[in-house]
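Take a look at the structure set out below.
Chain lettering (A, B, C, D and E) follows the sequence in which the chains are written, and residue indices restart at 1 in each chain.
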């Protein structure tokens, strides 16, 4: 029989406002085994914890039930408090009276009744709790960063600076990501390449960093501290170790029809190419879709011109396996395909472009060498219209767009407008917006400069339609403030398209068993308190893969993420989750059902000797669970027909006791 | 058949291939054979019997017998070989200690069927030309063999031996047009109310004697959850309709994907509850949801509950 | 005359990583659902043994819902896939025994889907309430 | 003796059922008869015997003994016993009727089992003499006459109706209550029926089965006989034989937590079960051999030891028909009788 | 009508820790006093409803009119529960069950030797205290009691404080292995019994302890000239009903709960070897 203490938290008025906490404490005081029951303003506060500790001492408590907020919030807090008093942490159970009761129910009587029932269930469980001891597992002191954009680079650099090895896996031939494609950056207007490329070089040169560019994650096994990842190193058909990046091959390649991704397809590149001058690693890659040699075995020029002998048409994808202690997802984003918004003419009218395309059209290293020219006739545009929120902040009924705000568009549009007006003062610039959102250091000042200093026309309203009208574009829009319809003849229309997580994020999330939201952004362990961790231990989140953010935010999150990773790698051993499966050898018949459903391969079988009747010995095959490998999902417990396999902390009897208490 | 089996068993005993023989021994009546282990030629010659009433599936005895000293000879009918394979896949029997003779089978007789025809006081049963001559204290009568055939044999799924060391008689084929799911389909076609009434009628007869469980080759747990006082679900009696349901649902679930549909559960039920209809429902569903699977057919194939696909149907 | 609607007892097994968090999310967003729903936290939906479900019905539950991560999102990679198979078979068996199919359900609710949690629970509650008291899997001994 | 014409059987049932609950064998749809409560339209089954024995009426498979209310440190014991209502069982065969004597020896000796006694006092047994015994019958081995069963009232099926004889006060009261349906008769028709039955009984395959080699005082001789090993070899350890047996009376006492109290109930148990004698630190009957031996030693030796030679078997043959592996008391008796010094 | 299966509810008024795994529970009726009377050697069914029922020997003497006591070793579901109980809680008790030691006939006027090991002292303690309270009816008393260690000796305080000071009582304590702070005898009970060289004349032996101890003590006693008719023991088997009906505690034709638990060794010889 346990001696149970019950503590009902008011959580200010969060719980006490809807639940009669005194009545709950009183009702639960009559439950079998309860020797102490009380309520308190804030159980999680220092004095609340003190109250619990005193009660443990004074009443010799062997079990604790706290009626409070979600265990996902403060279970650890109360466990620590109990442990400080010498009570095993796993003798604490939480009845979730806030998220599951007071916050969702309005009627005091009903909420109180439900609170009492949840309290009873927790008491019933604690009766069957047993002290659990956490085991330990070693840590591989290397991190994997998936994605080589500014987020991945920053995280990798910070981890490496702390003295740990980091591997970056980047699916494209070079690291740099989206930032490498940008022209200037708000709100300081410094050039993206100038601030990014040194970091890329730092990463390339850092002795602790290994970059696997043109590589993709194939599979991940294991758990925090002990991941095993398979990385597919896609065939570049160029030996990375030999290529000097001289670029002769790219010049001599006769096949010049491949669209240049880096310039958003505005120009062409060769079948063998280096994405841009500052690419890291600066090695050529042969595009198998275009290479004549690879396609029909005729050409081979690049091989002939390469002084280093780096060209290797026979190169194959290679899969390497590496071990890691922690994994960072920095998979980044892409603009959505603006073609779905046919009314804006994208894809049909060549002079309707996206903001990222505009970045390239304005960049000195871009297809126009930095001169803003219309894609259609390479003329200077005199009237430019920006359309905001294309695919962002959509209502639920709009299946083409995203419900969220893409966050960066207001600022980069202000930047674009300002840059155009500065370079080409004869240009009229219109911005159609729903709201202008400029929270951030020096952001609003930046926007006001665009309006006040550069005379950009900001019009609150929606663009209804963009149609080709001769050489010009006819923009139909409404001015909400003036309450009138507008028709503007524009030379260039720029769409601020929403951004979405990279398409590969979903499959990577599945590999990492990291949960994702409906928009395919990785879910953080806690939206406020653990924003850079995935709920899956050992998986961390950096950059836009977690949610839209601009460069400064991305970089700070990347560093925060690195700090978390360093926190894991700095440890020699990790404490394991003690809530793991274990097999009762006396019941186990070694049928292997459990092994088949274990995702971690934590179950093995051995032949063991048992005492049989009349002093005989029986040899039986029985299962045993490696507690460092088991993550405690419990799949095996249901696969086991004899009930030999049970899960500590969530035993069959504990769960059934909760069921009984709830249904009573 | 009996002669051939006996002869071969005597040979294998004599040449030391096996030290024991698992077969059937004669009963008081023409139909009540008991599974038995014979250790000597004399015992075999005295007591070994094989006839149309030797329906018992001997494979489960091998859990115990294959762990004893020496090799044991076992006679397995086609359906028994599936159970044998399944036990092998679950590491419950030691293959090296077993010599399997597959015996051909065209269906076993069910004495209950004879009795249901009003044949009481049976003193002798003789088989000739597809007919049984049944002698009773009240006179004799002839019955067509198929009229006395056990239900499970009428819906035989396979006459093929999936494992054996040698065969006596012919090896058959998997019965592709077997109608074993007919009754399941009939039940499925009923309304829930009708189905509920049907199963209440059947399961309410349960006396929880555990014969179905103890005879089942898949129920080979060291201790059944229903016998384990620490499991929290231990039951000893069919106290009420809930416990009847609980026992039979959970038992069927525990053998789901492992049950070879050997039909022993229904054969032994003293209350004639068609327990195989529960197992067959699971088998039918698994086939329909996750592709054809026959437990015991291929020990290396993953059972439906031990694997999954991304596109499985929703529950 | 006002007919008082039957208030069913609902047990919701929620996996710790997605659906329990989803329930917390519903709480944080103050998205209400009937108080008849009581949540039991399990590490993964695959921890739910058919015995627990029958046990709940025995002890007086009128409906049992199992909520887990969306397929592909299981914290343990594959747990919910096994849940899906097990429950598909179990529910089909219950149906076969003539026990109302609508009393049991599996739903995939992510940590971000507080709204879905609340909506699902509200709907499920209404469905079960319409069925009324669980008679076919009841244990009279457990009735007061 | 009283006579009931064939046509009036249903009237008799109706008349009895008006006074008290009446149970009689009825076909249950699987080709087997089971005791069922009579109501208008119920058809009496003339099947030789019921699938389950008649012991259920006095010793049901499960019954509540008492309840406990638990609150905090307090326990209240609640006696839930209630006076049983009168009832009649019609159509009990000689074997089952004899089994009641055996159950009485256990449950009505000091200390009396009040649950059993209550039912026994309120139940009236109407037996039906056998007409078509089966090959599995061997009640004669234990001195039971299938043609002249015991019970409160004995009934014979004769050519043109039924002859009834009251054997006890309870029986007389029952017949008196339905006297309007009955006429007086002599025992000629009964004797003819009995002769016919006895002639068949003599021809049954087990007619010659004797109790030689088993019985009172033979513990030492039989306990260590090597044949137990082969006899018990195939036993599955299920409870079929025990549960269909009219004389098996072992029980278990269990508690069930209803959520609002503890119900203590008893239920049939089987000495064939591996956990029957299991204790926290071991089991005196380690293997199926010991458990199998216990069941038959109890019926054939221990029970006669403690009950003036009365055997704990009535030869109803249910276990012969029902055992999944066709091992049974007849095979045991014959094996034990064969050469005692093997 | 009285039904022996329906228990009494009693209050556990005192719990005394005897050894690391043995506790003694004092049980009184809610209105005070004993739940029922008993004879030395008889047992009672203790139960916590919902947990389990178990047959436990009554360790207090019938001469104690205020309460009953049970010494319980922690070894299963119910005993674990009892050990975690607190004073003031209720349990249920039914009984008394079984045949007592024949203190009114065969043992009367005899010299008595009690041989006990570990928790085996519990049933004998009832007799010992009965004999102390009826000192004139019995002759010389020897008590041989052994345990694994000093800490495992049950009722140590009572033995040293009271039994050792009872006239014509000789208490011989022994422990299995040398231990600091123990200057008494060291060795196993069977050997110690032989060393003590008891005389069989007009003497009865009451023995209770682990089977292995009984097995080895018996030949020693026979060697000393004792006849099996002079030696009594008490048995323990799985019991449920306590009244010889549920069918599980029989050894041959004898039911331990009804015909035992006290047996004379010559009676045990008549029974098959299945215990």
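The definition used in the following text is that contacts are C-beta pairs under 8 Å (C-beta built on N, C-alpha and C of every residue); 3 or more make two chains touch, one makes a residue touch a chain.
What you see is a predicted model, and the numbers here were worked out from it, not measured in a lab.
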Sorting chain pairs by contact number gives first A-C
Reported most central chain by Cα centroids is C
Averaging C-alpha coordinates per chain, one finds the centres of subunit A and subunit C separated by a number of Å equal to 29
Chain-centre distance (mean CA atoms) for subunit B and subunit C, in whole Å, is 37
Cα centroid separation, subunit B vs subunit D, in Å, comes to 30
Subunit A and subunit D have mean C-alpha positions lying a whole-number Å distance apart equal to 72
Check: subunit D positions touching at least 2 other chains come out as 70, 252, 256-257, 259-260, 269
Residues in subunit A with touches to at least two other chains are numbered 597, 639, 652, 656, 660, 663-664
Flagged in subunit E as touching 2+ other chains are 52, 77, 86
In the complex, the residues of subunit B that touch subunit D are 27-29, 32-37, 56, 61, 112, 115-116, 120-123, 136-138, 201, 205, 207-211, 213-215, 227, 236-239, 264, 267-268, 270-272
In the complex, the residues of subunit B that touch subunit A are 67, 89-92, 220-225, 228, 230-233, 254-255, 258, 302-303, 305-307
Per the touch rule above, subunit A residues touching subunit B in the complex are 586-593, 596-597, 605, 618-621, 639, 641-644, 652-653, 656
In their shared complex, subunit D is touched by residues of subunit E numbered 1-9, 49-53, 75-77, 79, 86, 88-92, 237-238, 240-241, 243, 245-253, 271-272, 274-275
In the complex, the residues of subunit A that touch subunit C are 70-73, 96, 98-101, 103-107, 110-111, 113-114, 117-118, 121, 506, 509-510, 513, 515-518, 523, 535-536, 579, 597, 599-600, 631-635, 637-639, 647, 650, 652, 655-656, 658-660, 662-664
